[in-house]
Amino acid sequence: MKRIGLLTSGGDCQSLNATMRGVAKSLYEAYGSDEIEIYGVLEGYKGLIYGNYEQMKPKDFSGILTEGGTIIGTSRQPFKYMRTPDENGLDKVKAMKDNYKKMKLDCLVILGGNGTHKTANLLKEEGLNVVTLPKTIDNDIWGTDITFGFQSAVNIATDAIDCIHTTAASHRRVFIVEVMGHKVGWLTLHAGIAGGADVILIPEIPYNIDSVVAAIEKRTAEGKKFSILAVAEGAISVEDAALSKKERKTKYKNSPYPSISYKIGKEIEEKTGQEIRITVPGHTQRGGGPCPFDRVISTRLGAAAAELIKKEQYGYMVGFRDGEIIPVPLEEVAGKLKMVDPNASIIKEAKSIGINFGD
Amino acid sequence: MKRIGLLTSGGDCQSLNATMRGVAKSLYEAYGSDEIEIYGVLEGYKGLIYGNYEQMKPKDFSGILTEGGTIIGTSRQPFKYMRTPDENGLDKVKAMKDNYKKMKLDCLVILGGNGTHKTANLLKEEGLNVVTLPKTIDNDIWGTDITFGFQSAVNIATDAIDCIHTTAASHRRVFIVEVMGHKVGWLTLHAGIAGGADVILIPEIPYNIDSVVAAIEKRTAEGKKFSILAVAEGAISVEDAALSKKERKTKYKNSPYPSISYKIGKEIEEKTGQEIRITVPGHTQRGGGPCPFDRVISTRLGAAAAELIKKEQYGYMVGFRDGEIIPVPLEEVAGKLKMVDPNASIIKEAKSIGINFGD
Amino acid sequence: MKRIGLLTSGGDCQSLNATMRGVAKSLYEAYGSDEIEIYGVLEGYKGLIYGNYEQMKPKDFSGILTEGGTIIGTSRQPFKYMRTPDENGLDKVKAMKDNYKKMKLDCLVILGGNGTHKTANLLKEEGLNVVTLPKTIDNDIWGTDITFGFQSAVNIATDAIDCIHTTAASHRRVFIVEVMGHKVGWLTLHAGIAGGADVILIPEIPYNIDSVVAAIEKRTAEGKKFSILAVAEGAISVEDAALSKKERKTKYKNSPYPSISYKIGKEIEEKTGQEIRITVPGHTQRGGGPCPFDRVISTRLGAAAAELIKKEQYGYMVGFRDGEIIPVPLEEVAGKLKMVDPNASIIKEAKSIGINFGD
Amino acid sequence: MKRIGLLTSGGDCQSLNATMRGVAKSLYEAYGSDEIEIYGVLEGYKGLIYGNYEQMKPKDFSGILTEGGTIIGTSRQPFKYMRTPDENGLDKVKAMKDNYKKMKLDCLVILGGNGTHKTANLLKEEGLNVVTLPKTIDNDIWGTDITFGFQSAVNIATDAIDCIHTTAASHRRVFIVEVMGHKVGWLTLHAGIAGGADVILIPEIPYNIDSVVAAIEKRTAEGKKFSILAVAEGAISVEDAALSKKERKTKYKNSPYPSISYKIGKEIEEKTGQEIRITVPGHTQRGGGPCPFDRVISTRLGAAAAELIKKEQYGYMVGFRDGEIIPVPLEEVAGKLKMVDPNASIIKEAKSIGINFGD
């Protein structure tokens, strides 16, 4: 009898259920539903720490391929506090190991993003059998070309830009669509290109507001009535990029701007005299069901994770590289961030069609 | 030879082009494209004031049934300044009449919302032949059950709530989705019911924050992990509703809240201790192409407007009442607002399934 | 203690679950979940005949607002065989009455279309308490302006026409999209107008193929490269409409055409020499989740059905008329068909913009 | 002054306009709109043969990123007749070369699929400067991992399966969705996995009907009420695969089945006694606008084609391999087909979750 745990951690995203379905279906097929038991650890690492879990049945994985969210819940448990006891003095790492043993697991399958992978690697170091799966709308996990959730989020952010396009084309205005992504710009970059944005600002390429303004005024001069900017939450000006994190914190302590888009919008308004409108699709970008692309990716990754379990090959994240599924050692993944390379081919292509990146 | 003008005014919305296509196709069919000339007045009343217009051809109306925005542009020209000369001393009303004459129009077809209808009625009083069409995502035009744009906006706002649903169900949180509507709650009401919101707050029913909090805590007590609130931009508390407009302005002069949702969110957070997330789909609600429902409505209304022109029956808005298209005299429409009746059947039905309206 | 049954019958459609949720939520709110028991009769009247049902819980109705299909299953049980014993000699009507009694129901809520309503009326005549709800993508139920499922199906059929539009515009071709509807043309009519079809053929208006050909050739003469026909499954030529049902059956016994569209396509090909393509979206038109419009309608109708139960007002279908919800006596509904009136305002408007109906 | 031609050939698909926009925007940016002239060759190779083309302007490429179809039209001109004179004795190849010269082109950019690439290679061999772009919903072009149109078609086919899912789950039935693809199964494979199909039949893996029937009966035995089959147009039985093309033609000369799905459906019906429903989304799979994934791919490929033109590097198709854009010599592409490898990782993963491929 095999006993496998499933755990989803961090912000939710669109294809978590599809991925777990892939893992479970593949395991049930391989072992038969009598020879394998699957446990859902509830609400992320919190469930592992406090021993909240429940046994799942084959039917729990039926009909969830297209469902958003996660049927076992999730929570954010920052890695940096994992070694800190909780408010009742509980040693969290020890508690996780104890519960793993109590559940008599052969392996714990963990679906999550960057923070999640640091804790997963910690569990590996502590001797637990783990296999992980790259979940994030941000596409910023090291070691894999693709993460599930990303394409679904691109679709939603692009939808927002599409909607704004028609309204922008009817009025004379500059529109900013603020796309999720505090540290990396993949989502903004792809949604920006897909949505036909005129300006794309991402954390990896600090912007010069004068460059942005010049791009807008060039469009106005060409008779175009509107401009659309796709701005990542983490977009940063050249000036701010030169500051230390602490200096930036001080500088923006009493900022009147709810987010970077409002600051950029204000500056453009002052420099061009044009009306600005800002749209923030926000959490909708993590929501709804997975797109077909993600469903295929998730099914494949889930099945590949099950394959590792069958081979008792633990301690890996299942990733995609150059179109092939590969296991990546967890220690290579943990603590790294896959960022957009400002010199990447996609950036050059985007620039070649006239998209401004503020540089 | 007939000469007809088209003018779209106010905030853009989804089915303006479909409506103009209906008008134009019906006129071209009736008169033949040699016996009728259609002029597009550019960017709303501004185009009429300053004489910006262009002749349109049958092919301009091909392929626009599904396109969002307006091919002739729009702008907001507040009614209350229509009698005020512009910065160069130009008498706007006289200018509009002069341009109407210069264009030798038999009739001007005006697509717009409440403000637009006031000015349209003014033009009627000044002796111009006008026919109007009820455009607004707010569904607040007096004299018609349906306005085009409304259902498309309901779809987008509902999509946002649907997306939030999956993310809310994965975390333990209270989510607020802020829906467009400063004065009326139709859009919030319909999107809220369609999206399965637990609480719906609209301007027509001032809310008591304790009632809202009680509804959320009832859900928590029943073991439900999340609650979703659909809140209209113009939602108002019982206390604020008791103030005069001036008093409210003073009270909120230095408000730290970008919008009402943030205020409500803060209060709920303080009273329940639950995490709050706020999503504002914003201008996306006016954007994108029209849904099939709106396309049918628009085609019908457009054809009916053409019918009035054929009969030289001017001075009416074309509306829907009880499933039938009817002409409504402009003076009956102008200056009135169609609000949600707090005792309407739809409110009772929503309450009967447990939706809280804050009252 | 109240005991209520739910039963969905006939072809499935998009908003069945949303409607049942409306009924159940309203009943649970009114009585408390301890004072009411709701039973799902499985797979339509078959479940009532053979005693297959199960008790449902409040959580069964959670999260189903947006789900297509029916959680309690459905089947087609033709009315005309209801009085005929089954293959084992079982008296079906008696069996239904016996099971109703065995379940100790206060009322059975039946969701279905035309056939379903005939049997529902039979049950009423046999003394059972029934309340019904108008389910059909065909919109052909007598006594109500709106049926749930219809608008969702319009959306899918329109999507199909939209898709065909881009492909038709790229090639030089005539495209036929065959829309569901054997007896009535509501779905074809609305999807056809919404999709910008050039020709719409519905059962209520027998077509003359020469009229259709002339419409296509007029477009070709005007330089338009393609034509799109929205054809109802039950479209019928003037010649065939003159035949008796039996004569038609004989005439088409060995027909090489899978459906009417193929016959029409062949004739157009022969008469115009243009290439024809036929698309049949088929069962997709009943599938997927309900659109926001249907979700609102369903929630309202469901709540209104619960209201009748609270008042013990049995024997009615809950319908919409002129924007208001009204109870309609079952005997007025059963056996009638709400067809498109060839002289209706919507037909005139469609014709006025140049749509050909083959007449 | 540079002079560039654009030509779209073969069946239309979703991202042709987005790709041409990428080419054009990149060229206009690089040369300025005064130093480059772009000509649209109308309706595929037909336009090149008969000299139908028109000069395009920068604004022609505005707003087409999201539009389906092709603004310059397309047609199918089979390669095998290219060396055959037309009905008036015209030498087509010579005519194409003459028109190329007459247009004074520096390069002709050709967007098309497999047949198109054979003719493009012929033009290259005849000394013309050509650059090609891989267009097809079939994803079967040799030399590139990705073709534009494919993902958009996957989305539509998956939507169809999703819709069928809800209706299948409500009734007790076996549903077949017939997906485009006469020679290759990529589209069926991806849509089948994404849609949660239970059986996937593709041309590359001849099926054994008994294997399919066993898969369906296994599901029935497990208490599942329905099964969904995704069947490629070109699915083929083991028996038929053993026949020569000529033998197959003879065998099916008088076949009563409109397509393979009907044959398969009939066999399943006879062997299982279950009700079968067949849905054929057909041409809708090529229609509608491109999905965000395709828009990004198309923009990148278009910009890369422009880059080759800038470098005067002719005779290549622009493809994607392992995430990077690469030029592939036309002679390597022409005449080959990229098929699904029955032993590919994706097939193994699909099988591991229990999907039956009929083998």
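Every chain is named by a letter (A, B, C and D) in the order it is written, and numbering of its residues begins at 1.
The rule is short, and it goes like this: a residue touches a chain if its C-beta (ideal position, glycine included) is under 8 Å from a C-beta of that chain, and two chains touch if they have at least 3 such contacts.
Note that the structure is predicted; figures quoted are calculated from it, not measured.
Asker: Please decide if copies subunit A and subunit D contact each other with the same set of residue positions, more than half shared, or with different positions, and reply same or different.
Answerer: Interface between subunit A and subunit D is built from largely the same residues.
Asker: Quick one: report the Å distance separating subunit A from subunit B, using the average Cα coordinate of each chain.
Answerer: Result: the chain centres lie 35 Å from each other.
Asker: Nearest whole angstrom, what separates the Cα centre of subunit A from the Cα centre of subunit D?
Answerer: 31
Asker: With chain centres taken as the means of their Cα atoms, state the distance from subunit A to subunit C in Å.
Answerer: 42
Asker: Using the touch definition from the top, which residues of subunit D touch two or more other chains?
Answerer: In subunit D, residues 162, 165, 169 touch at least two other chains, as defined above.
Asker: Just say which it is for the chain contacts: an open line, a closed ring, a star, complete, or other.
Answerer: Per interface graph, the chains form a ring.
Asker: Where on subunit B is subunit C touching in the complex?
Answerer: Interface residues on the subunit B side: 21-22, 25-26, 28-30, 63, 65-66, 145, 151, 154-155, 158, 162, 165, 169, 190-191, 193-196, 291-293, 295-296, 299-300, 302-304, 306-307, 322-325, 345-346, 348-350, 352-354.
Asker: Within the complex, which stretch of subunit D touches subunit C?
Answerer: On the subunit D side, the touching residues are 8, 12, 14, 16, 43, 67-70, 73-75, 156, 159-160, 162-167, 169-172, 175, 225, 258, 277-289.
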